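Can you keep this structure in mind? I'll have questions shortly.
Going in written order, the chains are labelled A, B, C, D, E, F and G, and every chain counts its residues from 1.
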């Protein structure tokens, strides 16, 4: 009697001009663990929480490399994300084959959006149930893009999606102005701080023993830095670095975050600034 | 018991001869932020409100360039608009390739309408949920077209679509007669005044500090002026110009608007009259 | 409980042998503004009301030229009409290309009917929601055809469709016998009188100041007269001519209409009898 | 609660082994005006009532010529009939092209039946809503066939379909034995008498003044007589002839009809016995 | 509330493992008039009741010749039967073309079954609503096959399908043992007796005056006897022969039927034993 | 209110992870008459009950030969079984054509399973409503496979499917260990005993008079023995042999069955051990 | 009234952003018998429970070899698993044909995931109702992957799926750290212990008499060890070995399991370490 008959078909408009199925797919993004993307002048960084479903298995990939100059982090239905990343990878490969250069990020994201739009207008498909943060670097500099199941995408300075991401968003907004001038170490630490604020109070990002099983993954891409997912060792270095630097885990004290912005004063200088190393490791 | 069984399928007529799904798609246009289109003797101008979803991300594009001689502003589902703009761009490219000249605006809009009509008659699609204002210039002069989800389009002297656009419409109707003879600066100021009237009273078009984060975007196309989306600096110039000129933010005093029409007495003369500059910037 | 389960699918017969969806589509025609078609011995004329949706935009096209020897006026869903007119135009072009002559009107209308019939029998489409009056001229003389969403068409002496067209129909029936011998001016005035009778009492066909914004459009086709939509100036001439000639705006006095039929005694002679002019303007 | 769930889909059998949708389509035939077919030894005749929808338009075609040796009269959805007649015409043309002779009537009707059967078994179509009487002549002599929406067809001596055709059927059954030996004039008069009996008492087949606007159409095909739809003048001749000959408009006196059968004693002799004339007119 | 949701789709199993739609299609067979098939050592015979829908039209064909060596009689939806017979005819033609001999009956019936099976498993079709009795003759001797809408077929000694066929079945079972040794005349008379038992008491197989309008049709096929539908004259001969021989119209006295089996003692000898005549008439 | 909405579509999972439509199709197998398959060291045997629907017609085939080295017995929808057997036959033919040898049984059954799986996952089909027992012989020895509508198959030592097959299953389990060493005569007698236990008490496998109308069919395939369906005479021999040997019709005394296993002590020796005879008869 | 309308279509999102149909398909995995996968440094092992449906038939295959370097064990719908294994096999074959080497496991599993994803987004299919554990070995070492109906897959150290697998999972988690250094014999014994903990208390893995009918199957793949399903004899050896070594059947005493890890101290050394033997047997 009270049921809403407009919300079970993506091709049916509600009388208010809404597509409920698209909105429900966006809800699927909120069920995924949080991920954060941010950038300084020359680099874009992705930080993702990844809770493995059990000790027995590795966690699902939250960060997916696409090409040397870009990668994504995801929140929502993993299988949908894989299909989209396969599309992105194939597009980049074709482009490189045809033009001998990296696919400009904004054009790639436009094509992705058009592909995703069709699932919001055809009756025999459902909208993709995944949100993406895309970190890329091209001639226009570093980019963070957010892509929604609605096929909308946003060019961002910093962004976070996924479960309880509102707190991380608050953190990012508070420190937004300092990001551009941050060093790479700083920007990664900001990402860690932001993602930590999306955790319930009693959870920690790594086990007490700092063991090999870390709960975050970090990726960076930028000037002379192909897209690279950090190793567990590197993750640990940054987790410790973030812990040392900050009472920033207390998002109620933004002034301290501002102080943090002076930690790294030289963009492009960080523990992973060596492109050779990065290129060597970028394959995994 | 009271539910309307004719309103969930675009291929089902109501007994009154209506297609409710098309009407609901039109409702989606009303959910978008307002945009205004208007023209003087030689130029067509689009002004759009763009509220960014958060500080973190750039606003969604409300103005989309299609070709040198035309562009659109949108209200409604952005992803749908992108698909339509891709179609328009591809059509213009083909035409230019085949005939070596710009696609005449009225013929292009007719083809767009035919494409959109199919989604109002096929059971496996939904009508596009976006309204377009198209600003173009060809041998017939400047054009403002309005395109609805119903696939109807209208050749307009001035038009506004989107949320609370009724106030802007009232403004436009009141000053309609003066537009043709306006200078470019004036016509842009009129557009700003019109769009401002669609705002709630306590919102302003730009932050108090006149910072780089503006809430409107402006585009112009016309005689010797390829379609150009103004830069934030230019936007700021016009926002200030409109503020100076007018108590026109009070739509209850139309006579003052009439006075405004004497500000710029020479169509084609404006702060952006230099085609070379425009061509150089028209790529973004 | 009382709902009619046979009326939401065009492929479902009601127990009484009716296709409700087709009937509902016919209702859509009644929602359009009225249009009138009529003919004398050598010419066919279309007169249409076009209420622009606002001062800001031009009215939607009610008259659509198809080929030199024919055009249509429409009532109902404009976007559907455009699709059908595109089909007609393409058919005429092919025919002319193949046979070097104009497509005979009756054969063209038969093909149109067959195309429209498929939408009344296939489950994945809806019937077109538009009625057409077609005015054409070929070796058989001038023609007025009426085409319904049911894919039925009728060869007419005079016809009217659209909102409140019953009054116009009464007018036409009353003066039907005089049409054949009318002059072109007279037949156009008859059309204006007929369309006026479909207006509510307090509306007028043109503004008091006789300004450029007229509410009717008129087209004519016939012997040595390619299909031509009259200009606003010409419309004004005929509006005035009709006003002078007639208290015919009072449909209760048909005898006066009969008098009118003597105004023009020479078919083919009118203010627009010059084919050269017509050819020149027929492109718009 | 009481609704019948088996009657809205042509692919669903009722528990009683019936296809309700086919039966409902047959009901559509009963909504059409009546038509009669009958034959003597060498000729087949079709007589149809055609009430024009208004004075303004010609009536819808009830008789449709297919080929020199056959034509149809219809009752029900006109647009469906047109599609079927197009099929028949195309089949005859192909046959003539391949074999140089006229398509044998019984084989043609079998193919038509097979084509119509598919609409009674496929879920995405509806059965055609039209009944046909086919009059043809081939080496086997003259034929009258009745085709139903169920795709059933019947080889008939005489037949009538459409609204209130039961009275006409009674007339035909009463005079059936005399038809074979009738003259052409007689058989046409019989058809007129039969069709008249399907009229309500107060309606007449022609206006009092015997004006050009007749309410019936007559066609004949047979030995050396290509299918010909009579002109209004010829119709009038036969209407008068029928009126003179008979109180046969009173179906309660069949003995008089038997007398009528002696009017024309020479089959093939009639007012339209001249094949040359017929060939000349068969194009319209 | 009590409705059975498993019975309106042929692709839906009931929890009991039944396909109700197939069962309902079988009910359609019971709505057709009865037909009987039986055989002696060398011949197979089909006898069918055919009630013409009215005096005006010939009855629908109950017997359909397929090839020289086989034909069918039908009960149920005639249009479905025609489609199936078209398929059979086309198969036989192809086979004869490829192999120069008649299609073996059992293989042909297997292919027919496979074709019919698809309509019992696909959602977009309905099962054929017709039952067939197939009479054929090949190197294996004479055959009677029964084919059901379920796509099941049965190799039969004698069989009857259609309305009230239970009584005919009882007759056939009672005399089954005598059939093999019957003469052709006897086996035809048995068929007539069987079909008569399916009639209500007050109906007769032929009019009192033994006129040309008979209510049964008979076909025979066998050794040196191509499939032949008997003429009305031959039907009459057998009707009279059956009437003379038997009080067998009283199925309560089976012993008399046993006596009948001695009427004809020589299989292959009958009033239609002349193959030349049969070949000559088999074309109609 | 209590209806289960998950059970009418094969593409819809129940919340418990079940596909009800597949389970219902399995119910269709239980509606078929029982059939038994079993094997000794070198031969596989199928025994099937076949109750003819009436005296008039032969029973439906329960045993279907596929190739020289294999055949099937069926329970459920016969028409579905025919379609599957056609597939199997075609596969065997292609294999033999390509490789010159018999299709290995396990690979063939895997392909059959994959074909059947598609009907359990596609919305436009229904699962096949038939269970198969497949008896085959290849280089791996004799095989009995059971195939279910779920597309599952089982490699079996002995198996039974169909109506009331539980009793037969009990019989088979009780004597399972003796089968491998049985003679061919014994294994056939075991099959007869097993199938008899699935009969209600008062039914018998053959008529009292041991007449030609037997109710079982038997097939054997194995070493030097192409798949052969026994003749009625051979069936009778085995029915009598089984009757003589056993009080084994009383399944409550399994120890006697064990004794039976000594009846035939030499596998491969039986009344039908002559391959030449078998080859000669395998064509029917 | 309480029914959930979002859970019967895989293309419909619930308002909470869930795809109920995918979750229901996952429930189908829980209906299958349990299977365990685990690995040491160089080998991956699969152990599966397989309860045969009856004594008469072999159990359904729980372990399916794909290629020399990998195989799967399954829980859920067997027919679905077969279709997926056919896909995997075909992919491996193509890869080997193209590149001359074994398909890298992680890439193969990605392609499998993409194939499975389509069934979670298309309306005309259902998600596969089967979970897979994949054991493979390539240049990266041994792998255990878990694949879910959601198209998600997980790289695992050890994993278990199927009915009551939670107890087995507890066992695996408790001994996880010891696996890497285990000998092959030990790792297999761990697998047996894990699978045993998923049994109800009163069931045993093999019959008391240690007869040939075992209830588990074991497979191993790794360094110089092509994928091999152990024979019943080998299974028996390991079952006994596991029984001797452990009170590990009591999962409440994990410390004893830790002791077990010292049983085999040399990875790669086991009763089946001989590759030649393995290669010879890997064909079955």
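Here is the rule we use: a contact is a pair of C-beta atoms (placed from the backbone, for glycine too) under 8 Å apart; a residue touches a chain by one contact, two chains touch by 3 or more.
The model shown is predicted, which means the values in this text are computed figures rather than measured ones.
Between the contact lists of chain B and chain D, the overlap consists of C.
Chains that touch both chain D and chain F are the following: E. Residue numbering shows that chain C and chain D use the same positions for less than half of their mutual interface.
For the two copies, chain E and chain G, the CA superposition rotation is 105 degrees, given to the nearest 5. Centre-to-centre separation between chain E and chain F, using Cα means, comes to 33 Å. Measuring from the averaged C-alpha position of chain C to that of chain E gives a distance of 60 Å. Taking each chain's centre as the mean of its C-alpha atoms, chain B lies 74 Å from chain F.
Listed for chain E are residues 9-10, 123-124, each touching two or more other chains. Arrangement of the chains shown, judged by which pairs touch: one closed cycle in which each chain has exactly two touching partners.
The chains touch one another to form a ring, and the order obtained by going from chain D toward chain E and onward is D, E, F, G, A, B, C.
Taken in their complex, chain A has these residues touching chain G: 1, 3, 7-10, 20-21, 24-31, 53-58, 60, 76-80, 82-83, 86, 119, 123-129. On the side of chain E, the complex with chain F involves touching residues 5-6, 9-19, 110, 113-114, 116-117, 120-124, 146, 150-152, 154-159, 169, 172-173, 176.
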